[in-house]
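I'd like to ask you about the structure that follows.
Think of it as A, B, C and D in the order they're written, each chain with its own count starting at 1.
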Amino acid sequence: MTSPTTSNDAEVQALRREVCALHQELVRWGLVAWTSGNVSARVPGTQLMLIKPSGVSYDALTPETLVLTDLHGTPQQDGATPSSDTGAHGYVYRAMPDVGGIVHTHSPYATAWAARSEPIPCAVTAIADEFGAEIPVGPFAMIGNDEIGRGIVDTLSGHPSPAVLMAQHGPFTIGPTPRAAVKAAVMCEDAARTIHLARQQGQVEPLPPEHIAALHHRYQNVYGQRTEHSDPTEGRNQ
Amino acid sequence: MTSPTTSNDAEVQALRREVCALHQELVRWGLVAWTSGNVSARVPGTQLMLIKPSGVSYDALTPETLVLTDLHGTPQQDGATPSSDTGAHGYVYRAMPDVGGIVHTHSPYATAWAARSEPIPCAVTAIADEFGAEIPVGPFAMIGNDEIGRGIVDTLSGHPSPAVLMAQHGPFTIGPTPRAAVKAAVMCEDAARTIHLARQQGQVEPLPPEHIAALHHRYQNVYGQRTEHSDPTEGRNQ
Amino acid sequence: MTSPTTSNDAEVQALRREVCALHQELVRWGLVAWTSGNVSARVPGTQLMLIKPSGVSYDALTPETLVLTDLHGTPQQDGATPSSDTGAHGYVYRAMPDVGGIVHTHSPYATAWAARSEPIPCAVTAIADEFGAEIPVGPFAMIGNDEIGRGIVDTLSGHPSPAVLMAQHGPFTIGPTPRAAVKAAVMCEDAARTIHLARQQGQVEPLPPEHIAALHHRYQNVYGQRTEHSDPTEGRNQ
Amino acid sequence: MTSPTTSNDAEVQALRREVCALHQELVRWGLVAWTSGNVSARVPGTQLMLIKPSGVSYDALTPETLVLTDLHGTPQQDGATPSSDTGAHGYVYRAMPDVGGIVHTHSPYATAWAARSEPIPCAVTAIADEFGAEIPVGPFAMIGNDEIGRGIVDTLSGHPSPAVLMAQHGPFTIGPTPRAAVKAAVMCEDAARTIHLARQQGQVEPLPPEHIAALHHRYQNVYGQRTEHSDPTEGRNQ
């Protein structure tokens, strides 16, 4: 385990602060009820991750209460029990080395699509920008073994979307950073709501594949800042 | 009546602060309009309860304004009139000795199911986790006698769900603590909304009973913290 | 005009503060977009009223910016132009001497019923409590003469409901005090939303008339406080 | 480029503060998710505009981070990259000299109508007031050339509505000032939601053309303040 005086430890402390703050974004954007969502981050260059403690309210969450575990979910310190979704997060980090952050919520509109096992069609430009395709559905999987993690990895590997709707469960999103994964969770709920509303009063047609590809390429490579003004991982190089 | 200098009285003061703070959670999670929801708590080891005063706004609510009554709703002090739902709360405490807290709201999605007298099917994992079954409907009952309390007790006795949708009225939730009952009220509205949205665009199937049982057992026994990091009554031993 | 040093003027100042604060309740409960709602109050014992200035944002509203007019809408001071709905408010105060406050919004669910000219059925206990009947529809009326005011008065005179849905326009609510009228506006939107949601997935039946009458009588006469703990005009003697 | 000590520069600084504050209104009224909306302002009397930097969160936005560009989108300073929608904003300012502010969002209800390429009928008085007609649909257009700008200009030139729903994309709104354009964006979402809700349970009829014209004329010419109490460009002379 890392000594508290190494620079590596300072990096973990900074990551704790960021992941703690990102949980507040889940509340702010209406993605969670009570304690029902979590954010994790891979500690760069290690086989470790930080994740929400199980059942702790967002008000009570502090950087220190986040749990440091290895990528099999074993805590690296005494203290709080990690999220019951820790196994799924670890599976994804082990299988997808470019993933630096993962978010899971039961956000209402995305979970409604998941309850029907129905993908969200790519029918407006905002979905093409962020997801580059329809938002896909993963299998129904029970908690407590590798089923959920394998379902996420099988669905998202080689897919442009950073979000998967796990059947009769809810969305998981990934990103190169935890902030990018939170953004994907916010945009997934926004997409789920907009297309839900649109379809309540008529048909919606997916955009043509060539338009989806062009919009996605532009958004991932041109949108955002190349300077210190914003997180360069957000919205491109994803 | 207890003297203000006994330690028992200190316990009541702490409970007053907690129940007052829990009313703000009803506002925060969008469960109430104006003054239309209330939280009560059994005073542990006594035949007394604390409950919201009738018609007082959540802004004006303070720990001191909560009303201490016996379990037939008789105030134990001069001052404010207790909630018009006090009789129903007291009936439940008398009949269900493991109940330590009760919440009643007219939260919009849950009340919409109640208006149709339709139970909420257990079609996503979050409902299995918290409720262990569909969320059941209780009878229509008029206020002012034991009808509402009896309808709650008859519906929830021996049922895994901590929530009942009273027909053409709204949800009541119970828990071992008032905080657990508030959590159940938040999750009940979340369940009602998610399945409402899901069914607007197609069929949803309940989860298989063996999956519901396994998810509920795990959530009630594994989820959450066994230490001081969170309320151990929340999400297990319920 | 009243001199600033009379006690009557102190009463007007207190009323200005209350009406200003009540506008924030319209924002808090989601009843308004931008500047699209207003509250007025009769100055007790006079032929005067206070009303929102036209087109002023809720952030910029202060007690002093509220406009004092007679009951025909003529400002009693130099300064801001009163709400374009002032004529309707004044008509109601002239015709209904027990009305002490009026609220108008375009709150989304209530306005949706108004857009279809459809009354909201009294299908849950909360609607019986506050409205004592279905929430009725008033005629379509153009702004700028007495049409709107007359439509409100004709619909609500002798009707238990403090709310009317003006066709293809939106709700107006009345009360013995401006606070009671704001409460009715909040509860009207809540009723409109709950029954909208309920009907999206099936039929809802109105409560039997004898139950509606009993619930309304109890709520208007028993609910709330008879002491200084809350506004006695709220929820009874209405 | 302007020297920081000229009075013109003070005017630009004031405009930066205003445009920065107006972005918070997009958040407050629920029009945006993450970074998905932008406000721009023409610098009066120049060929310049201020616009949101690309991909910057609303929390991180400061007056200084707004980007000053010419009306072809070329930045006039080193620093942040302007919004990817800058080309569309500039096209509109070049073609419509009375436009002083432009807003683009993906607000959920308005974007739902846009996803179906369906105009919002003018069926309640609030839509007649602000828009003077149905809210029209513009063509589907790819980002990155003049297509979007031309679609906005072709649809809104000579049309009373300050809002256009760009097909499978979302709403753009214009105004004589950036504040008027933000108001139009708020009212567009409100209109989209109200008529969506109304049509979910029945038919809605547009208001008669003569009533729409009368309401629009009155609102644009009588509503609001003629004094310092409010922005005179809001709600009239638009």
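In the analysis below, a residue touches a chain if its C-beta (ideal position, glycine included) is under 8 Å from a C-beta of that chain, and two chains touch if they have at least 3 such contacts.
Chain identities (UniProt): A, B, C, D = L-ribulose-5-phosphate 4-epimerase.
Computed from a prediction, not measured in an experiment: that's the story for all the values here.
Participant: To bring subunit A onto subunit D by a C-alpha fit, how many degrees must it turn, rounded to the nearest 5?
Facilitator: In degrees, rounded to 5: 90.
Participant: Mind checking subunit A against subunit B and telling me if their interface is mostly the same residue numbers on each side, over half, or mostly different?
Facilitator: Counting which numbers both chains contribute, under half are shared, so the two copies meet through different residues.
Participant: Please work out the Cα centroid separation of subunit C and subunit D, and write it as a whole number of Å.
Facilitator: Result: the chain centres lie 32 Å from each other.
Participant: Which whole number of Å gives the spacing of the CA centres of subunit A and subunit C?
Facilitator: Computed from C-alpha means, the inter-chain centre distance equals 45 Å.
Participant: Residues of subunit B that touch two or more other chains: which are they?
Facilitator: Residues 200.
Participant: Connecting every touching chain pair, does the picture come out as line, ring, star, complete or other?
Facilitator: ring
Participant: All pairs of touching chains, please: list them by chain label.
Facilitator: A-B, A-D, B-C, C-D
Participant: Which of the residues in subunit B end up touching subunit A in this complex?
Facilitator: Residues 29, 123-126, 183, 186-187, 189-190, 193-195, 197-198, 200-205, 207, 211, 214-215, 218-219, 222-227, 229-230, 234-235 of subunit B touch subunit A in their complex.
Participant: Touching subunit D in the complex: which residues of subunit C?
Facilitator: Its residues touching subunit D are 33-36, 53-57, 60, 65, 79-81, 84, 106, 108-109, 111-116, 118, 142-144, 168-170, 196, 199-200.
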